[in-house]
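First chain written, first letter: the chains are A, B, C and D, and each begins at residue 1.
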Amino acid sequence: MTTEHETVRERDLDRLLTFVDAVVAIAITLLVLPLVELTSDVTEDDSVRELLHTHSDQLWSFVLSFVVIAQLWSSQHHAVRRMLRADPLVSRLLVVWMFTIVFLPFPTALVATAGQQATTKVLYVGTITVSTLCLALVAVVLGRRPDVTDGVADHDPRPATISAALLLLALGLMLAFPAAGYYPMFLLALFP
Amino acid sequence: MTTEHETVRERDLDRLLTFVDAVVAIAITLLVLPLVELTSDVTEDDSVRELLHTHSDQLWSFVLSFVVIAQLWSSQHHAVRRMLRADPLVSRLLVVWMFTIVFLPFPTALVATAGQQATTKVLYVGTITVSTLCLALVAVVLGRRPDVTDGVADHDPRPATISAALLLLALGLMLAFPAAGYYPMFLLALFP
Amino acid sequence: MTTEHETVRERDLDRLLTFVDAVVAIAITLLVLPLVELTSDVTEDDSVRELLHTHSDQLWSFVLSFVVIAQLWSSQHHAVRRMLRADPLVSRLLVVWMFTIVFLPFPTALVATAGQQATTKVLYVGTITVSTLCLALVAVVLGRRPDVTDGVADHDPRPATISAALLLLALGLMLAFPAAGYYPMFLLALFP
Amino acid sequence: MTTEHETVRERDLDRLLTFVDAVVAIAITLLVLPLVELTSDVTEDDSVRELLHTHSDQLWSFVLSFVVIAQLWSSQHHAVRRMLRADPLVSRLLVVWMFTIVFLPFPTALVATAGQQATTKVLYVGTITVSTLCLALVAVVLGRRPDVTDGVADHDPRPATISAALLLLALGLMLAFPAAGYYPMFLLALFP
């Protein structure tokens, strides 16, 4: 009976993770749509080289956002990799995390068109920070519930917490020194 | 022979559920597209803060619809969690349920642009109600077919039926008191 | 050695089917995008009821195409349900089938905007017919390769072939009697 | 302990491959969106036949890109089919490969609207070449890490390397003889 109950909870976890992964896969692929949109007014007479030059901001925000989402997926993947069974609290945290991923294309599009404004910076970096904090909370919860994991204690919330702190530091620098653009986000690279 | 036949029906169920989940994952991610669209006319000279203010209706309808689809997915997930094998009638009900999810982005978009009209309210709440009723029917059918589940009798159609009734009550209030906007839908929160 | 080789071919089949199913899930969900598009010009002052009336053609083509893709998915699902291992020829047929599904939203959109033209009818019904014929060929191939299935001989190409014939008959009637619109497609319902 | 660790790495690989496959499934399905866009200005009075004729370039670039992505997916599928466990370097290469697939709809859209320009050709064929080279590198890495595969040495980087060389040759011919259009890409067909 217990075993059967556990089997149901294992399937629950599998379906939830597949669902969340599918959402991330779609969000990361939709990033290209604004680039495809750019081409709708192009004709053979317009220089493509010029188009790339004029919209280089949009190309960079595409690359940046691809890296950000891929990185967030990888962190999420790592956070739950030793989970074996569904847990209601972790499920709810993953749904909130999923919300940040589904929402991200909106601030991303703002970065491309109005990236110099403080509101855009707060919205973009804020969304990524909330996303990272969700994963830190997942690690905290899993650390306290050995029954839903394989019992190996590697649920360390510190990496995600440090990432979130670095993101807030980067946001502070971006708001204090607008000329720095989005480069302070490379601070994250300091902490692999 | 029987065992083999059951294996085929287990695979049938797995593929159907993965397919339905993929559709929900896409529908929930597409909700952001109207928000991304908003940014296409924005330039560095327009205030992003003002944009958020002007289109706050659209932002709220995005959040509401994310919560609605996540909730419907969770209910569906719960409805079939003890199913082990495919059943033709349940499959058909799940396809109808899937239809309501695929259709939902259309009334959602109407809520954002013409949300005060009675037709929009009927279309939006009506779609969610039909979706919920499909899940109530799934529970009824599964309760009568112990051979396709693990035999543990927890297929209770009452939660979904009560949700549907609360949705119709909310719709009634929304139509009777237009000033209430979409707030009567929070009635659903009364019943966890 | 043989067993290991078979395990690889089983994984090959699983990945291919998941991939094809994901494509169908996306295609069926994208059907709603033209409806969402309709709402972009709507304001609180426009009647939503009128919008639904003016664009009833588009709403019907949405419903029709949802049913068509759901039906094609179900047929494909049935065609390969007893397959256990990948087969190069079946894989190629499934990729061609997948092409017809990816392409289908284009004729579907034409049905909504220029559905009375003979070219649209040929393109729409023709795509569905090619799709159905692919599945008939899958059944023929699987009937001749018991080594990739579970050996139970239920790969009957006749249902798909009859469906394709009924589709061509429906197309003939639609071209001969334009006033009949797309109703001749209900001929398919004669043959469950 | 070792076994458990290996189980975790097997799940890691499964989730990564499912994620990558989902991204490819979405990218290949999004190819139809520019075609759907074409229909938005069509009315019953416009000839659909003429539309197909005017935009035949776009229809061909749709077919070409479908074949290209299906082929790249098939190569990727083949490259990792004997992998059993996740490997950090291969995971990173697959993420870069995934980037080329997510980006591809942009050069594809340029091929349809400004396909005669050298920049478009370099962007399109260059993206496909980088994609192919990633798969060659995956084969090189897997050839040196028998512990993450089933040990059967069939990780041959030569097919992908030859494909990449043929792509560069095709690009050279396309740039040298603009009148040849994109036909030199059929060189790839020489090498099955």
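Everything below uses one rule, namely that contacts are C-beta pairs under 8 Å (C-beta built on N, C-alpha and C of every residue); 3 or more make two chains touch, one makes a residue touch a chain.
Not measured: the values here are computed from a predicted model.
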Any chain in contact with chain A as well as chain C: B, D
Chain D against chain A, contact positions shared by both copies (same if over half, else different): different
Centre distance in Å when chain B and chain D are each reduced to the mean of their C-alpha atoms: 34
Between chain C and chain D, centroid-to-centroid distance (C-alpha), Å: 24
For chain D, residues that touch 2 or more chains besides their own: 18, 22, 26, 30, 33
Category of the chain touch graph - line, ring, star, complete, other: ring
Which pairs of chains touch, using the document's own definition: A-B, A-D, B-C, C-D
Complex contact set, residues of chain B against chain C: 4, 8, 11-12, 15-16, 18-19, 22-23, 26-27, 30, 33-34, 37, 95, 98-99, 102-103, 105-106, 109-110, 112-117, 119-120, 123
Complex contact set, residues of chain A against chain D: 17-18, 21-22, 24-26, 28-33, 35-36, 38-40, 42-44, 46-49, 52, 62, 66, 70, 73, 77, 81-82, 150, 152
